[in-house]
Structures are given as structure tokens and as C-alpha cells.
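Labels run A, B, C, D and E following the written order; every chain starts at residue 1.
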Amino acid sequence: AGSGPGNAVWGKATAKTRTVVDQNGRTVKLPVQVKRVVVTTIWPLPSVFYMVDGSTKRLVGIPPASRSAAGPSMLSAMAPEIMKAETVFATGNDVNLEELMKLRPDVVLFRGENAPEQEKLEKTGIPAVGFRTTSLADGNSIENVYTWMKLLEQVLGKSEKQSKAEEFKRQSLQALNMIQERVKTIPVEKRTRALFLYKDDEKAITVAGSAHFSHFWLTATGAVNVAADIKGTAVVNMEQIYKWDPDIIYITNFTETLPEDLLGNKVNGQDWSRVKAVKNHKVYKEPLGIYRWYPPSTDVPLMLKWLAQKNYPGLFNDYSIETEIKKYFRQFYHYQLRDSQVRQILNPPRDAAKDS
Amino acid sequence: MDKSTMDHNQVLKVLKRNRIRWLLLALLPVVCFLMSLAIGRYYVAPATVVRILGSHLLPLDITWREFDYSVVCQVRLPRVLLAMLVGAALSIAGASFQGIFGNPLASPDALGVSSGTGFGAALALLLFDRNMIAVQLWALFFGMVAIGLTFLISRLRKGQQVLMLILSGVVVSSFFQAMISLIKYIADPESKLPTITYWLMGSMATASYRDLAVVAGIIAVGAAILLLLRWRINLLSLSEEEAKSMGVNITLLRWTVIGAATLVTAATVSTCGFIGWVGLIIPHAARMLVGSDYRAILPASLLLGATYMLIIDLIARTATASEIPLSILTAVAGAPFFAYLLRKTGGGWG
Amino acid sequence: MDKSTMDHNQVLKVLKRNRIRWLLLALLPVVCFLMSLAIGRYYVAPATVVRILGSHLLPLDITWREFDYSVVCQVRLPRVLLAMLVGAALSIAGASFQGIFGNPLASPDALGVSSGTGFGAALALLLFDRNMIAVQLWALFFGMVAIGLTFLISRLRKGQQVLMLILSGVVVSSFFQAMISLIKYIADPESKLPTITYWLMGSMATASYRDLAVVAGIIAVGAAILLLLRWRINLLSLSEEEAKSMGVNITLLRWTVIGAATLVTAATVSTCGFIGWVGLIIPHAARMLVGSDYRAILPASLLLGATYMLIIDLIARTATASEIPLSILTAVAGAPFFAYLLRKTGGGWG
Amino acid sequence: MFRVQNGVFGYEREDRILNGIDFSLAEGKILTILGPNGAGKTTLLKCMVGLLKWQDGRSLLEDRPVPQIPAAEFWKKVSYVPQAKNFAVPYSVREMVVMGRAPYIGVFSVPGKMDYEIATETMASLGILHLQNKQCSRISGGELQLALIARALVAGPKLVILDEPESHLDFRNQLLVLEKLQWVATEKGISCVINTHYPENAFRISDRTLMLGRGKRYVFGETREVITEENLREFFGVRVRILPFREGERDFNTIFPVELANTAFL
Amino acid sequence: MFRVQNGVFGYEREDRILNGIDFSLAEGKILTILGPNGAGKTTLLKCMVGLLKWQDGRSLLEDRPVPQIPAAEFWKKVSYVPQAKNFAVPYSVREMVVMGRAPYIGVFSVPGKMDYEIATETMASLGILHLQNKQCSRISGGELQLALIARALVAGPKLVILDEPESHLDFRNQLLVLEKLQWVATEKGISCVINTHYPENAFRISDRTLMLGRGKRYVFGETREVITEENLREFFGVRVRILPFREGERDFNTIFPVELANTAFL
């Protein structure tokens, strides 16, 4: 019998432990040294892990969807080892316990809302820390990423000095305040009316309404979410789009649709040509940085600045988003982006939503 | 003497009541159709709707806004037509299946057609991007493969033909359902999976004239065949020997009905995914309304199904800002009506 | 004289063949059970498995690693036991439903039990967090509500009882299915929806001793009642009048069977979601193996169902590194076997 | 031991088929019910045993009103053989016959060795033992009729009620069944009620006869007094000849329908 | 017009029920098939019309082998009435009877006015017109039998084949059916084949009789020559008396089974 995790002969495991409280309010005992971490079902977490730890070497297992998201993003460029992390133990929302145990993790990070998974992990005796998603901060991405970072820092045993969470929060709030300051004088009827197109294909137009990340993004940057009546994401019909008639449309990275599809009216059965945003050529694709920018990611301040510029080009012409991106990546990820990489971030390809 | 005159009067009364019933049944879809065109999330004044529709026949001045025209003609009209077609198709297919199997649990999926078609669509969605024509063709193709498999399995052994068919159908149907699960399992959960899931769930939201063009022909042919065979289906409720001794080629007849019903089912599933309840329940409702003669059940199912689907889809697209999935509405809206019929007639199977 | 001795020899031969068949049927699950404990993605030497199991009976030296113990005792054992229980339960419930309805399409969901139970679970998952006991209780409760509704609707009118029951079941079942769709529709797609979807899909992966404790008792009671009634179920295949004239209280008997089968179905669905195919197909397989007497069909379904589910779950957790959803495996693994049986016996319904 | 008092029944309220039926049957006696098609013979049998509910009046078994007797007890004493049907039931003849033992077998129990022995005996006495392993769906109409009679007898009833027991039977089997019924009645004291279309058979074995006509009329009495050329003509609309003859030591009556009496009858 | 040559059939290969059956039937003649239960009467009828396939030998209709005649044509000329069953079919008697017109109605067509008129006429001539709106599941056994016969006649066949047409019928209806058959045969030149358990009926109407026994034996010939006390005793194992008598101008034979002949028969 070796001495690795789980290898100890029964009853002889004497290693010292420490505790953290996870986002489900559970107190979890962890080994003092955490060397092998597995993320099971929470897709953005590996990129946050990179932010916190400066590398993903300690990540021995991640969900397949996290890996396919990493491919076209900057994460794979900054941390090539992420592409080698084990993914076979998980599919969708399911985990093969024995396969997970073969990875001998010191700690498992799972999606807190997934109660059956929690039960399952507890059986194995591996410490499992729950991270909550939308139920955590009401779509406030700043708060969301901040609490994730705080908890991850505890799990990884980071000291106060090594912590980046506070600096992240400070910069995010700074960006937010700057934007709020400038837009607050705009009367409601003059505000840009925006629509987040979550997905779009021939079968369904899916928009993101309130109680989803879109709402935070749009209100934070002074725009009006035309789909605020809708909770979460939902499919709507063309009639409803006509009724909203938005000034600007954002397309997320969860769909392969690009602005030119709408501008060129290329989707069968959907006539976009009469919609104001299309007429004015104001249709944009979400950038893709360390992770997709629509859900909470550690790129939050960048997303805010980018959105503000698109919503009110005249109000926010005092900074260049390209420069901001380079600066931010240097500061937080210690990575020097090439110009071509910046272009790639701002113009993600169609396949970014595809399996890599 | 006394008895026979009473009978005569009675017959007349029944005939009259029947005529009114059929008139109502036939008017319902027409009224609902017109109503549907005038209702939607985007308000177009009914008068404008009439003018827009009329402009195709008469040279009218264009007094409506840009959106008005595309809402009525591009968004609503194809969708409403598709809903009617699909409702009619699934109901008549269901009624035919119940007839030839003599089983109240038989539905358009009885022989694996829907799941085969669904599998084809899911596979095409996985393999190709954004090519809906390919999806429809693959879906139709695998619908046919499924029925072919059922046929082959049911022929593995001579015996009780109907039973062999039902059991083969169950197997083929579950097999393709498993295959669908497999595709969902290997599809990328962020991009492909939601599309496949949504597609299979059943929706008319993106109905276009192209969709209509593909299915209308197929459904018309299939439904026409079934309607023409309406009396022959009655003969299948006799014992096999009796039917044979009336010169009926049972096997041929049964497979003609199955073929037509399959065509019709596959066409609808390939256009708008699985739509449950309609094909199983509307035929029962029709039976309770018009009796157990398939000469009446088939047209009644057709009319009732078209109306039902129309109403459901109307609710789906207007009740809230977002589309309500059809699967939520189908049963909820129809269950009380069905329970009422059940109470009034007791099921109507003999 | 000649004829009767031949008969006698024949009878002996049949009896002998029968005994071997039953022995095989009974040994199968036992063998598969032991095998299942020793196989998994995480390698534990068979000798170690035996020692770990033995340590509960004898005071053995602890020579195995921490993970070995939790793999065998915490991960595999409850899961394997649950799989057997669930397979047995669904199969015997399915066989009973087929018996009392005399319909080869009847399945444990015939009366809306599964969808009611599923709805309860989905609702509980939506309302409460992380309280799996509540989920199970709500699921069971709504399973009972569903059967109660079916009962009430079927009583709306006197008539052909079986038909009324089947139709009521169809309605209640679709109603709760629609309600499940509704819950999925309003569930938060990022946090709740995946959990609900995953839960309903059916899996044994979360099996724990607590789950076992809840369901084992319920299933044992239900299955015992069904087994005891095995001969009475035969009587239900006679016409209603004939059965009555044998002193059978048809209504009571039917509802006892339905009650027991409901209990058993609801218990399994409340623990591991919808698991299709088993309850519909295994009874047919049993029928083809042992004939149409329910005295044989019920125990055969039980044994066959337990074995089948065990093997399926074994494949699900070992074939690839990730769990394969049960819904993918059930049909794929069983279909060829079923087709083979169909070919050999022709269905076996009379 | 069995009697019907003022029995009234109709499938539809307005249209009564049976009206004021009154008769009684002593232990070990045989009652034959005669009547044209659609007169209500089958209906009468079903009302007698409670499968249909009398709208007025009642049946009494051993002086107790039938509805008050618990089903399990009642069906131990009374067996009912419906008109033979086409059988979809996939059971062997033996299993079918043993089902007749149901009233004696506990709800949670299965037929035991004794039940099978009784079944075997009964099948042997009706000469259908060689069919015991055949499927009910694969025997001839007559064979099925015999199996049903065996099923009725295995419960050891006090009263057997049979709907057209000789239909589909050949000469030999008809005789066999009639003789068996007579033996059952005289030797075992079991009362029998049978429906039949053959007055000859009534003559042969029955003590009492109830002749049912369309339009709610009926006569009940000694067989010899009920079955007359007169009555047959009136109830059936057929001119018949009753020809008595002697064979060996026994007297027989053969009844021969000659021709339709008056075509305006219907 | 119809003949069977060397017909051989058994449900299981080894165990033949019919062996070397040979007979023929002329236009407008009636053939009766007699025999004990399980002898194979029903089987013979089914083989004749091709519902079961002869293992050897063949049937000829108007000198053409039956399998070579297209089904649609064959069933216009031949009608088959199976042994009466319990009907689950929820159709009215009128609809049931009109189904008999199926061979004349195009596959994509429904019965027209003429078809209903023929059905009405036929029902009237069998005296069941008053039942036309009743559900088949709600009429008595005898009424159903008449409806089935009506269904067979509406197709205007050249040959009608009936399995026990008089079972479940009362005196009057038996006479009616037999007379109708005789009328159909003599007036319309339609040949008839009937299975029956009543040799009396054979005497009354049939020209030829085929008596089928267990163990592959059979006799075929003039009715008068086949139905003898001797043959009945041998084939049925029952001692019968044939009593001739005269009534008005007509001669009748009544047949009376006296007792079982030898119990070792089975």
C-alpha cells in the first residue's frame, strides 16, 4: 500500500486536516496539502482555477465541456496542460465514481445545486466542495466570480498575500462605477434597447431575459433589456422580436450564429431584415477570452467595458478595448497577448460553440 | 308496424342530430383558423388582417405597415397551416392504428415510426450544421427504416400477426429511443444538445412555407389513402378468418394502412418533433363523439385533430412572451375535455 | 392406453426440462450478483473483494486500502442490490399489469404511476435543495395521487372497466407528463434543470443504503402480494362473467393487483427515475420462456428482471470510463434477445 | 332449494323482457328453460345468479335472498356455465377445469394436488381426459363445451346452471352430458337448470319446464304438462308433432317440427 | 360445380385428421357433413375454401383449382359462415350484414345505396329486419346466427358453406333457416354445404351427406343411404332409432338417440 490519497490502509490514515465551508453551507475536511483536484460538473470553474492558481497543473480532472470550451479560448494558450486533464469520468451531469476514485483526488469540486451528485460523492469519502451557480448571486457576475475565487483560494490553501480575489473585485467595481457614472443621466426612453440572443438556429430563437446573466450585463452598462419579461432563457417567435424591435443585438458564444447571418438574413423562416438593430448594422458577437464572456468569468471588467462601448459608442470613446484586454491579461494572467490573439478574442469563429 | 314507424322517426332524428354534429365538426377548424390569423403577440388589427389576406385576390391599396404584412403572411399563416396539418395527420394516423390493431393503446408511435424519425433527425442535427432540409430527409428516411425493421421482425415467425406486429413495434420503438439517448449522450452539451432536445420536444415556432411544402404533399397523400380505406378498416375488426372470407387481403390491407399512417407520422415528426397526446387521444375523443364506425371516426379525427392542434399552438405562441412548449399544453388543455367525454360515453369501444 | 403412457413420459420429460430451466433462472441472478461485486472501473482484486465481504462475518485482518473498502461496500454493493431490486420490481409490476389488462402494451406506467411519481420528484427537486428524503417522499406521494386520479376518472361511468381504466391511465399519465414538462420549463436552466433532467433519466449511480432501506421494504411487500396472487391473475383472463361466477371479486382483485404494482413501481421511480423497457419487455420474455400461466410468469419475470437490470447496470458503470445512461443500454442490450425469443416462440399470447 | 319470486328485468327501463317470473326448484331436480331466440332465457339465468340485478323481485337460494349471500359462499353452491364462446385464453384444458375450484382456493393460494385430482376425475368422467394438455384455443367447439361443463362440476356445487349445454355437441356427447346431468341430479342431489332449444332433451331429463315466450308470457310446470304441441305452437310459432314411442323397456317422446305455423307470428 | 379430390390434412404433420377425402357437389344441391366432435368437420370446411391449405389433394370450383382463383373472384362465388362466436364487434346488425358485400365493393370505396338495399332485403327475408339497428354485442345467440347467415347471402354466392347454422337457433328459426337454404338451393341454384349435429336436418333438406368419423374414416353418398341406424351407431357410438312418419302429404324421418352404444368406443 502506497501513501497517496485513498491508498492508506484502512484506519491508518493519519494525515492532518483543515476545514472549509462550501457554498452549500457544509463543513468539509480537507488535507493540508491539496495536490490533485477534480472539477466534476461546473464548467467555468477551470478557468477561474487558472486565475487563482496561475496554472492548471493541479487540475487532474475536468468536465468534457470545460475542455471543449478551453480549446478556442485563451485558456488553452496560457495553460496548454488543461488540454491533457482527464475528462472521461464525467458526462453531462453524471460522474462515474470508480473512475473518479482512480484519479485519486484530494478534493472534488462539484455543482452545489446538484443534490444527487453531492450524495454520491459523500459516499466515497473524498472531500467534496460545492460551488453554486445562478442561485448564488442573482446573475451578478462580479459577486459570483468573487465568491468562487475566495472559496477556491481557501481550498487550495492560498495565503492572504497570494489572493487575487480582492483585486479582481476592486477592478470590476471600478469599471462598473465608471460606466454607471456616465450612463446614469440618460433618460429611460433614450436608453439603448438591447436583446441578448442566446441561441439562434432554424428551429428556435432563444433569448436571455431577466434572472439570467444578460440582465446584469445590460443594466450594468445602462441598456434596457427588452426581454426583461422573460425569466431565464426562453424560445420566442419572430412576432415577439418584431414587437420588441431592439436597437442592438448581442449573440452569445453558445450558438454558432454570427452577426452576418442576421445581417444577411440567412436563417430560413426568420426575416430579420426589418428589425431596427439589423437595419442599423448593430449586431455583435460576444467576445471569447479566458472563457466565454456571457457567463461569469474572470474577464468580467473587460466584458463591462466592451458592452458599454457597444451600447453607447459616443460616451465611451476614451479607451481602446484592445489595449484594455492586453493590460488585463498581463496583470491577472501574466500573459502577453499578441495582436492576433486580441483579434481572435473579439471575433470568435463560428466553431467556438462547437465541440473541439 | 308501430315499432317500425317509431324506428323511422328515430332514424330521422338521429340523422338530423348527426348532420348538425358534422356541421359543427367541419366549421370548428375554419373558425379557429380565421381567429388564429388575427391573434398574436404583435397586434395587427383584424381589419388589416382581412385586407392583407384580400390583397392576394384583389388589388388593394397598401395601407398597412411593413411588419403587419410579414407577421400575417410570413409568420402566422404558415404556422397556422402547419399546426392544422400536423394535428389532422397525427389524429388520423392514430385512429387508423387503433383500428387495425383493435387496441386502444395503439398510437402513431406503435410501430416505432416516431422514434425512428426522431433518431434520423437527431443524427442529422449531430452530423450536419444548419441544414434543415437534410434533417428532414434523414428523419423521413429513418422513419421508413424503423417501419421496415418492424416489418422484418414481425415476419420472423408466422403466428398471431397483430401481436407480432405490436411486439415488434415495441422493440423497434425502444431501440430507436435508446439510439436517441445515445446521440444526446455524445452531443456537445453546450451547443448541439440543446438544439436536439428542443427539436425533439416538438414545436411549430419556426414554421415556414418550405416546411409546409415538404410535408403537405406527403400528408395529403397518406391521409387520402387512409380516408379512402375507411370502410375497409371496419372489416379488420372481424376475426381474421371472417375478413378473409370476405375476399379481404388482410396482410396487404393492413400494410397499406400502416404504410400510409407511417408516411403521415414521419412527415410530421420530421417537421416538428414529437408531439404527444394528439395521436393517442383525439381518435378516442372522435370515437366517443361519432361512434365506432371508421367511416365516421377517420374524418372526425381529422377535423378534431386539426382544431385541437390549432388551439394548442395558438396558446403556445400567444399566452406569454416566450413560446410555451407544446408538450406542456397538449395534455393539460385536453384532459378535462377527454374526462368529460369519458364520463358521457364510457369509452365507446363496443 | 398407448396414448396415455406416451403422455406420461412426455409429462415427465417436460417436468425435467422445466426444472432445469427454473434452476438456471434462479442461479442467474446469484452468479451475476457475485460477478458484479468484483468488476468495476476501479480495480479491486477478487480475493480482496471476498475478504472485505467476509470481514462483516469474520474478524479478518484489515489488509486492504481505504478506497478498496469504500468501492466495494459503499459504491458497488448498494448499487448492485438496488439494480436487482429495481429490475425485479419493474418486471413483476409489468407482468401483473399485462395480466389484469390482457393487453401486451400495458406497462408499469399504464395507469400514470411513473409519470405521477416523476412529477413528485421533479417538484421536490424544484422546491427543496439537497433533501433527497423529501424528494423520495414527494415522489411516492404523487405516485399515489396519480393512481387515485386514475381510479376516480375510471369510476366516472360504469362500463367496460378495463377499457375505462386504460383510457383513464392514458389521460392521467399524459397529464403528469405535461406537468413534468412544465416544471422543467420553469426550472432554472443553469442550476435546477440539469439536476431534474438527470434525475428523471434514470440512474443507479446514487444508490445508497438509505435508498435501499426505503425501497426494499415497499418493494418486498408489493412483490409478495403480487406473487401470492399469481394464480388469481390467471382467473382475470377469463371473461368478466365467468370470473365472477367463480366467486372472484374482480374489482377488489384488480385493485389489489394495481395497488401492489403501483407501490412497487412508485418505489423504484422515486429512487432512480424512469427506467424504460424493463417493465414492458421482460414480462414478454418471461412469457415466452415459461408459458402463459402467471404462476410461472411472475417469478420468472422477477428473476429475469433482476438479472437483466444487474447486467445492464454493470455495463453502464464499467464499459466506458464515463457512466453510460441506462436508457441507452436497456433497449440496445435487450432488443436482440427479445427478437430471438419472438422468433422462437411467436409471442406466446395464446 | 332455489326459487325466484316475481322476477322483473329489462335491459332498458321501458322495455321489460322478463316480468313477474315465479318458479321454484327442489333439491336434485332438473329444470329446463325453453323459448324462442331472444325471449330472454340467457337473461333469466344471469338474473337468477345475480350477474344481472333483478329490477323487482328476488332469487332465493335455500331460502336466503341471493344478494345477501357472500359471493364466495354462493359460488361454492352454484356453478354457472355460460354459452360456449371462442376462447382466446391460452390455458390448457386441465388448467381451465381446475379454475372451477377457485371458490375453494384461498385468495393468496394456488390449486393444490387435491384440486388437480378432482379435476382429473371430473374430466375422466366426461371422457375428455385425453384433452387435458391441449390448449383451449385449439380444441373443437364440442370439446370446449365439455371442458366448460367439467369446470362447473369441479366445485361440487348444489345447483348447476347451464346455458345451452348440448349445443355444439354430437349425439354421443349430448347423451353423455344429459346422462351425466341426470346422474348428478339423482345420485348427488345436485339441482340443475338448463337452457335448451330441444324440447326432446327436456322430456328426457327434466322434471320441471319453464317455457318463455316473447312479450313477457311464460308457463311453468311439470315438463309433460308444459311441453305440448299446443304450447310449442303458440310459443314458437311452429307446428310440431310429439311422437311417443317405446324402445325396450323405456318410453320416449320424440318431437318433430313439421312446418312454420303462421308466418304472421313475428 | 365443386369437388374435393384426395384431400389430406392434419394440424401436425404426423397426425392426420382428414385423409383421402373425395366428393363432389352439383349446382343447386345441398351437402351435409355429419360427424362426432373433433372428427374434423370444421377443419374440412376450412380446407375446402382455402382458409387451411390441403397438404395433399385439392379443391376445385367449377373445375378450376381453388388456389388458382383470385381471392376477390372466389369470395364472390363462395360464402363461408364460421361457427357462431361471441361478438366484440361494436357494429349494428345492418353494418355487419352489409360487410358481406365486401367482395363487390372497391378497395377505396364504401357500401352504397344498392348494397344497403340488398342487405335490407336479405334481413327481411330472414325475419331480422327489426334487429338492424341493434348492436351485434347486444343480441341473443340465435339472433346473431341469423345475422351471420344474412351476411353470407348478401354477396349472392354460388356456394354457401355454413358451420353448424342451426346451433343456437330455436325451432322456428331452425325451420326458417333450413327452408331458406332449400329455397336458395332449388330456386336460385346456389349449392350449400352445412355442418350439423342433427341428422334429422340432413334428412330434411340435403341431397348428399358426408359422414366423417374419428380415425380418418368417412362415407359419402345419397343422404338416405348414408344416414342409417347402422352408420350412426358406428360413427357416433350411439344407438339411434330412425322413425319415419307421414304428416299431411309429406314424409318425414325423425331420428332419436336412444342410448350410448358401447362405452368402450372412445
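Here is the rule we use: a contact is a pair of C-beta atoms (placed from the backbone, for glycine too) under 8 Å apart; a residue touches a chain by one contact, two chains touch by 3 or more.
Bear in mind that the values here come from a model prediction, so they are computed numbers and not experimental data.
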* **Co-neighbours of chain E and chain D - touch as defined** => none
* Asked: Counting one step for each move to a touching chain, how far apart are chain C and chain D?
  -> 1
* Asked: Which chain lies the greatest distance away from chain C when centres are computed from Cα atoms alone?
  -> E
* Structure fact -> By C-beta contact count, B-E versus A-C, the higher one is A-C
* To do: Specify the chain most distant from chain D by Cα centroid.
  => A
* **Geometric centre distance via CA averages, chain C-chain A, whole Å** => 41
* **Inter-centroid spacing, chain C versus chain B (mean Cα positions, whole Å)** => 32
* Distance between the centres, which are taken as Cα means, of chain B and chain A, whole angstrom -> 42
* Return the residues of chain E touching two or more other chains; collapse runs of consecutive numbers into ranges. => 85
* Structure fact -> Residues of chain C that touch at least two other chains are 325, 349-350
* Structure fact -> chain A touches at least 2 other chains through residues 91-92
* Structure fact -> Each pair of chains that touches is included here, namely A-B, A-C, B-C, B-E, C-D, D-E
* Asked: Can you list the residues on chain C that touch chain B in the complex?
  -> 103-106, 110, 153, 156-160, 163-164, 166-168, 170-171, 174-175, 177-179, 181-182, 185, 276-277, 280-281, 284, 324-325, 327-332, 335, 338-339, 342-347, 349-350
* Asked: Where on chain E is chain D touching in the complex?
  -> 11, 35-38, 42, 83, 85-86, 127, 138-143, 146, 164, 167-176, 179, 197, 200, 232, 236-238, 240-241, 243, 245, 247-248, 250, 252, 254, 256-260, 265-266
* Could you please specify the touching residues of chain A with respect to chain B in the complex? => 43, 65, 68-69, 91-92, 199, 201-207, 209, 227, 229-230, 234-240, 242-243, 254-256, 268-271, 274, 353-355
* Asked: Where on chain C does chain A make contact in their complex?
  -> 40-42, 62-67, 69-71, 74-75, 125, 129-132, 135, 186, 188-192, 194-195, 197-199, 203, 205-206, 208, 317, 320-323, 325
* To do: Would you mind writing out the residues of chain A in touch with chain C in their complex?
  => 1, 6-11, 13, 24, 41, 88-99, 101-102, 104, 111, 113-120, 123-125, 132-135, 211-212, 231-233
